[in-house]
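Think of it as A, B, C and D in the order they're written, each chain with its own count starting at 1.
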Amino acid sequence: MDVALAKAWLDTAADAIAAQADQLTTLDAAIGDSDHGVNMNRGFGAVRTALAGAAPGGVGAVFTLAGSTLVSKVGGASGPLYGSALRALGKSLPEGPEVDAAAFGAGLRAGLDALRKLGGAAPGDKTIVDAYLPAVDAYDAALRQHGGDGDGGLAAAARAAAQAAAEGMRATVPLQARKGRASYLGERSIGHQDPGATSTWLIFQALADAAAP
Amino acid sequence: MDVALAKAWLDTAADAIAAQADQLTTLDAAIGDSDHGVNMNRGFGAVRTALAGAAPGGVGAVFTLAGSTLVSKVGGASGPLYGSALRALGKSLPEGPEVDAAAFGAGLRAGLDALRKLGGAAPGDKTIVDAYLPAVDAYDAALRQHGGDGDGGLAAAARAAAQAAAEGMRATVPLQARKGRASYLGERSIGHQDPGATSTWLIFQALADAAAP
Amino acid sequence: MKKFINHPDAVVREALVGLAAAHPDLRVDLEQQIVVSADAPRAGKVGLISGGGSGHEPMHAGFVGLGMLDAACPGEVFTSPVPDQILAAAKAVDGGAGVVHIVKNYTGDVMNFQMAAELSGDEGIEVQSVLVDDDVAVEDSTWTAGRRGTGATMLVEKIAGARAEEGADAATVAALGTRVNEASASFAIALSPCTTPAAGRPGFELGEDEMEVGVGIHGEPGRRREKLRPAREIATMTLEAILAAKPVAAGEDAIVLMNGLGATPLIELYLLYGEFAGLLESAGVRIARCLVGNYVTSLDMAGMSLTVCRADPELLRLWDAPVRTPALRWGV
Amino acid sequence: MKKFINHPDAVVREALVGLAAAHPDLRVDLEQQIVVSADAPRAGKVGLISGGGSGHEPMHAGFVGLGMLDAACPGEVFTSPVPDQILAAAKAVDGGAGVVHIVKNYTGDVMNFQMAAELSGDEGIEVQSVLVDDDVAVEDSTWTAGRRGTGATMLVEKIAGARAEEGADAATVAALGTRVNEASASFAIALSPCTTPAAGRPGFELGEDEMEVGVGIHGEPGRRREKLRPAREIATMTLEAILAAKPVAAGEDAIVLMNGLGATPLIELYLLYGEFAGLLESAGVRIARCLVGNYVTSLDMAGMSLTVCRADPELLRLWDAPVRTPALRWGV
């Protein structure tokens, strides 16, 4: 993973979120307050602008800047959560314009840990965690299985992560929310797909797309 | 016209207005404020109660009481207008438990005059006057033609009045309002039947029904 | 129809029960259906009385109290009060200096207040009247019952109320109220109809992309129907109509009431106010005082009205005078 | 969607332009998106800061001023503010005595205010926090993110604001705010959904004979859906839920907030208040103070919330203390 790929990932994610913003908002209308797509779109649009205007020398700096931008521009629950995750990812990476797939994987997990520390959600609570955790696990498993050298390893691991995120996302449908706004609905949250888990899938899918050879 | 018929008329009118209240309100929704049926029903319901509780000795007293009740209970435009008309009718009648059809006709015209003095509406302004005026004219004409002695004369005159009121009412449809709330609509008042002219017809129809042999 | 009510016929009465419970400063007479300031009558002070159909809350009962109205006569929803109510109010507030009626120019209101004035006169109470007809959406012509009274009513009530508090006589208070009315112009636009409890259904239908231009405050249709437009264009159109009818010159002061008709959220009223303030500034008009909120409403109608009153030092002084009512309070 | 706006993305900003134009007593910083009392910072006075998503007007910006908040941080519609805003507000109002955050208990608000507290701490500003979670429609369980903060927020802001005005230190003001929150319970019912400008469509659909019970103030569906019932039954159900969660004994005092969610006319709020007042009286509870109106809203949602706060002489004294803000004013 180098600076160009890092930027390409976030750009691809911004495109996907812009394209799916309406869908994310509709999901949030059912069990939340109809703003998740708007929030994510505002945030990733700002990330795109910030990255276009800056020339971060290291991969880590790209993610730290992106994370800080999300924290500064989004608000709501998703802003601090995704922002902290990206910041932790950025800060956990070794300095330099390129990091290997294993370090990047460890960084993704550091991001997850930061998000979980901040939000306190456990798997099964019907949140971002339900897509993010299986994605990171799948990434690691793929790396262990196929080896992580070169971009080929990263691409395969990212593909596995995106697929696991999608499964995790779909698995939120039958869950009753225990965290975030959807928890106020009690049993009425059952039967709806979690908006945050959905945006998480979009982000991992964007990684897979950007990393595809 | 005796006390019993006077009461029967007002009772019949109260019944008709109760039955048509919704229709009157719907007409008022189109060019007014959706309350004419409610107003008239509240007023004539109160008249019924007032008459049931009182034992007016004269015909005139019946109408004076009814008119005062409308003034006290209705509000809006229709309360003072119909109230003043009935009060003027009552006050114009000779004392006593019975009056002849000619005196009653003169009383109806006195009521119209009071109403016009208060409201200032001319024929063609799309108001109560457009049903009331032709009704009184038709009443007088019928009386002149067929003679006014006995209840037969009154019944025929009332029938003619009701028919003329109906025609006057229908003739309000193409008019542009010049008085009352409907005038604020400008040309948009054209094409709707006036609620007040409609309640006037109901009242004259009730007279015809009550006076029918 | 979805409303927090028990029965359509009981709405006005039951709301008055709540008003009485909420405001011990007011005397609510459920029998006479009037709302009176607790310290009325005050000897030598002119009594200010207003009233009209219910459904415009907080007007008028919300404006009863120190420095504003002495009594309000709420009629049934959108139906002017009856003479008996108004007479009862006059008796309750006359402290020997007579009363001033503040009447919105609707056929029903005018007739009922006029009848009440005669009854009050018979009882030896001097009555002066102010007729409010500020709505410039309606042209004053042989084709109308004159202009309607809308938002300026509360300006008249505030300013005349302050003058009455200063001890002016009935004729002076009424003349001042008339002056405020003459200096004021209003224009309203609705995005939705309203539903009266008794009718149970909206007064008109409006498409998803339509607005009703030049509406009154009784749920009646407006002067015309147009395609919905951005706030900036709506503000421009509204202000043009107002200033064409009653110009305020560059350099002059104005009191501005940015009023919601009931169901329009405050965030939109502030947004609109920003547009109006910008336009007035461009025109060189100084907004000396303003109010933004729901003051003269039309039940659950989504919409807004703007009232602009050309002001002078006297009007501003009286505007600033202390007022303590349920819906308007400052300086005390 | 029918709203008086220019563009969905510009609503919050343009409404702030209007707020600034309407209230010269406020300093509106459009860059930082904060609203600050004109005389802030005041040396030695604790700075009270609140904020949250926009769409709840007049809360919070309408409560900035003497005796209440020193600053408000309006986020996008229904989206909590970002840490930068809150930090900017802290810098603007800290007069050396630190600041108190008043935070409604939503995941986003809690996290953003927490991050801001850390940033402010880094800048040497002491930060104390009050977490408001008065909505008893939500059970506080492992199945929820805790109770939501709703109507009690304005009670906390008023009472803590008065205490800060008296010169108390940050810890004392925060402790008092927490005490008000603990003494308060709220419950809300909606008759219609609301529509955010960005979404452009209602958050949920509701049948002509249905009400949404236990709603929050962000347009989200409620705890359950029921058939619409008469106001009296709705009041009984609402008050039972409130008193079951936070009992007020016979003979005790209460401050009651009869709040509209935005599109419900005042006449209905008064009618409801009459029902609640009757029920509380039957229970022997004394309504020492009350407010009836739209204070903590949810855009154009038709609905109401009731907040009951068990009061004592200290809370009543602070409630009565002078306040001068756009939306709440007395004693000055």
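Note that contacts are C-beta pairs under 8 Å (C-beta built on N, C-alpha and C of every residue); 3 or more make two chains touch, one makes a residue touch a chain.
Molecules present, by chain and UniProt name: A, B = Dihydroxyacetone kinase subunit L; C, D = phosphoenolpyruvate--glycerone phosphotransferase.
All values derive from a computational prediction rather than experimental measurement.
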Suppose each chain is reduced to the average of its Cα coordinates; what separation in Å results between subunit C and subunit D?
29
Subunit A to subunit D, mean C-alpha position gap in Å, rounds to 32
At what distance in angstrom does the C-alpha mean of subunit B lie from that of subunit A?
75
Where the centres are mean C-alpha positions, what is the separation of subunit A from subunit C, in Å?
55
Residues of subunit C that touch two or more other chains: which are they?
77
Using the definition of touching given at the top, classify the network of chains in this structure as line, ring, star, complete or other.
line
Go through the chains and record each pair that touches.
A-D, B-C, C-D
Interface with subunit B, subunit C side, in the complex: residues 53, 75-84, 106-108, 111-112, 115, 138, 142-145, 148, 196, 198-199, 201, 203-204, 216, 218-224
What residues of subunit A sit close enough to touch subunit D in their complex?
25, 29-35, 38-39, 42, 71-81, 118-119, 176, 178-181, 183-186, 188
Enumerate the contact residues on subunit D facing subunit C in the complex.
2-7, 11-12, 14-22, 54-55, 57-58, 62, 77, 191-192, 208-209, 211, 228, 230-232, 234, 258, 262-275, 277-278, 287, 290, 292, 294, 297, 299-300, 302, 304, 324, 326, 329-332
